[in-house]
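Structure first, then comments.
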């Protein structure tokens, strides 16, 4: 029971999604519309799951006064304030929710990713090596693209942007396309296995 | 242990400082380097420019603040272009974080061109569902977005008159920071509902979208802050992206130099061993 | 006034996070935890206002679309994963979601990333670039061909294929560097411009 | 002076003109100032589920003169009154009505609108919408789908029946033994990093298979194996995998569950934690196998700086460049899955891999054939491959 029903659900829903591509007519088309609308709602519930886990882990940490429990308080505080303001008074520009979004969320998330600029710089110096011909080719192409895509490159030599454009348009497109076709086939075989119940990893190990 | 080895084990914090300065100094003391427009950006510009006035353009704000430096200037420049051409712009988002960013861009551009909400542009807001949502929009837009971002029912908005589904949309512009993004729009809006799709993306993903450009599955593409700077140049309005290009140039040179020095050490080290 | 406070808070948080570059420290940890909490809360509010209310609550309870009971139940089953004893019930909703996405991806990837890409490679050899493109795609595919040993002609072609892949990876590398630097520029523009007012 | 008089004259001459022509002013709104649209055809929208009719028309002859700004589209149920349905700008000659009731007869009409007035309605013949049972534009996709699916399923069956399926040598795999061997010689631990995604990610699953192989080697060589993970579920799976490998090697006593530990779910927090392990324990061999994101370069850089042999594998294209330049061997994209299929000997993985190869072979054949035909001036294969 615990396995059979989920497998049947996946099979039916998956097949409908495939068949509807070829059969636009009513019963199939309608079923497909219906599933789509439901999926959006179910997707939204996933966030409750994530937040529930967060509360569980950090609530536990505070309860047991584990090392760093103060940080967990801060985390739950941020969570609570955002939920109360957002659900209570709305989320449009002008609300307190939006104010918090703009002055807390925005700067912090941008800065998290801006850190990577520093790490790339240090890795460039310390780790990115032309250890063989392939890596050499990769680095040459990278340097040409990096020069060609900024104004300084053009100022240094007029041909840099032309070369970068060519790399992007021709060999890059060819390489990317080979990868894309390969990945597409991988997706087809994985999806097929999931729909037919040959692959069951998503249902958990038990 | 030679000098090379010592230098290659230099404290990372010195490298961090160098790259920080390479970005900060050109911002404080601009050089004003000239920006060259690449072909994919040119194509995007043409795709919008060719649309007759009154055409309906759907812009999806599928990005978040982490990619704002790249996509937000594009957002402003693209909306401006639409307004300059008197196109009707319908905004929406597959990323909740994109809605306020798109809203802000709308407000800035609308002020410049004297456009009014509901008449010339609308923001439908965010809806979960990713690919499934795009596919549903192919059947019906009002069913997926019964109300807009501000809570107004769609039938009360003049701009939505005659817009039932993606079929009534002349061009989809996607501002894409990843999944779901321009690939999903291309697959479903383009592949299944035959709407023209174009847009902008982060520099990280730009190379992998070139095959779609070559196959003409997307009409044009702006890649990263440089793409935004190119569009600002095309619109003759220097903005944040164009202003960042000097810093971008210097930082690239510094990184190239780092790679070169690092490899030189390896080369010298190998020679020493042999 | 509120804006000034907001900008100061944003600037300080930005600096707290950058302080990680010097070394891991309590200020960074504070910002990090606050960030995780705020972003989760952000998503909850957003989904409540934009999905739950207009797509489930209103149509189900005000417009009488009773069929929406099914996704409501499947959604609640999903949440049951929080409780280990009845967690297995969430498999039903996961099975539903996985079924939808698998069916969908099966078709869309095959169309957009395989068939459409193959069609776009059927090029006329009037331009040298078209020849290079076709050779690149074919040799790249050969590299990912696992059913034959890479020897002889096949090995040579696979070698050519890996070179094309490397140039493509180089392009990705360059663009990734570009993206990260742009994000840093954005932060610097905020710190130097919006906060300190040094940029014009 | 002169100019003023000229314009005065002009004004006097031109002023009655609009009245005379019957355009502008109060007259214009009601009179028919524009030439009507030449021909309006309405047909059931093909290849859809019904509820839609496509209206086409030829532009008004006045459009060339720039007099037309928009077209209004009207609809009437048979016998009913025309009602405004929507508007499109000039230059557009198509409108899709998505709101029809199947089986009901409708008549459509199009009207040109300009600053100077409008045209008479041009009507279509009656039309009704209905759904189709098969989308004929997608026959080619059906064919491709069937062939590739059949190939995958057949090979899976063959593999299950015990058929031998050949897979070529994968360079990175040979290096596994070498790396573990070197760690043993140096008396240093081996570090295995399975990416930052959960067990529902196929790359993590592939990584676990490779972990099994690495664990088998470290058990044989009596070398310490460290596996810091980012997800609690991955931790329990990794512990199972390693335990089993040590059991197989006949050294269950050497297995230490504490060496496989959970750090944190947070991306950068995890990266910082693993960095710490690398700097403290100085592993001689590092394996990075799974789904990585932005943290990839932080990990690979630190690994490089401590002089470890690094073997990486991921299908995340955007992170591959960093692995290729900072690691000694890299399994690129599908090679990760091939390696996992090869090592595990799982029929469904091996069979899939073979089936995908068939797909690749077919696509390569189509490209070669198509290019030849294109260059000979035949375009039918290209047309056949066009999806709708």
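Order of writing sets the labels: A, B, C and D. Residues in every chain begin at 1.
To be clear about the criterion, contacts are C-beta pairs under 8 Å (C-beta built on N, C-alpha and C of every residue); 3 or more make two chains touch, one makes a residue touch a chain.
All values derive from a computational prediction rather than experimental measurement.
Participant: Looking only at C-beta pairs that count as contacts, which pair of chains has more of them, A-B or A-C?
Facilitator: Higher C-beta contact count between the two pairs: A-C.
Participant: How many angstrom lie between the CA centroids of subunit B and subunit D, rounded to a whole number?
Facilitator: 18
Participant: Roughly how far is subunit A from subunit C, centre to centre by C-alpha average, rounded to an integer in Å?
Facilitator: 2
Participant: Using mean CA coordinates as chain centres, what's the subunit A-subunit D distance in Å?
Facilitator: It comes to 13 Å between the two C-alpha centres.
Participant: Which residue numbers or ranges of subunit B touch two or more of the other chains?
Facilitator: 9, 16, 19-20, 23, 66-69, 127-128, 132, 135, 191, 204, 207-208, 211, 214, 226, 248, 251-252, 255
Participant: Can you list the residues of subunit A that touch 2 or more other chains?
Facilitator: Correct list: 18, 21, 36-37, 39-40, 43-44, 101-102, 105-107, 109-110, 112-113, 115-118, 120, 122, 124, 126-131, 134-135, 138-139, 142-143, 146, 149-150, 168-169, 172-173, 176-177, 179-183, 185, 188, 190, 192, 202.
Participant: Taking each residue of subunit D in turn, which ones touch at least two of the other chains?
Facilitator: 141, 145, 148, 268, 305, 317-318, 321-322, 324-325, 333-334, 359-360, 363, 387, in rising order.
Participant: Line, ring, star, complete or other: which one describes how these chains touch?
Facilitator: Topology of touching chains reads as complete, every chain touching all others.
Participant: In the complex, go through subunit C and note every residue touching subunit D.
Facilitator: Going through subunit C, the ones touching subunit D are 24, 32, 36, 106-107, 110-111, 114-116, 118-119, 121-125, 134, 137-138, 141-142, 144-150, 165-166, 169-170, 172-173, 176.
Participant: Can you name the residues of subunit B that touch subunit C in the complex?
Facilitator: By the definition above, subunit B touches subunit C via 13, 16, 19-20, 23-24, 27-28, 66-70, 96-97, 125-128, 131-132, 135, 146-147, 183, 186-188, 190-191, 202-204, 206-208, 211, 214-217, 223-226, 240, 243-244, 247-248, 251-252, 255.
Participant: Can you list the subunit D residues touching subunit A in their complex?
Facilitator: 47-50, 131-135, 138, 141-142, 145, 148-149, 152-153, 156, 199-200, 202, 205, 237, 268, 294, 297-298, 300-301, 304-305, 315, 317, 321-322, 324-326, 328, 333-334, 337, 348, 352, 355-356, 359-360, 363
Participant: Subunit D touches which residues of subunit A in the complex?
Facilitator: So the residues of subunit A touching subunit D come out as 18, 21-26, 28-30, 112-113, 115-116, 119-120, 122-123, 126-131, 134-135, 138-139, 142, 179, 181-183, 185-186, 188-190, 192-193, 196, 198-199, 201-202, 205.
Participant: Any idea which subunit D residues touch subunit C in the complex?
Facilitator: 140-141, 144-145, 148, 166-169, 266, 268-269, 272, 317-318, 320-322, 324-325, 332-335, 338, 353-354, 357, 359-361, 363-364, 366-368, 370-371, 373-375, 381-382, 385-387
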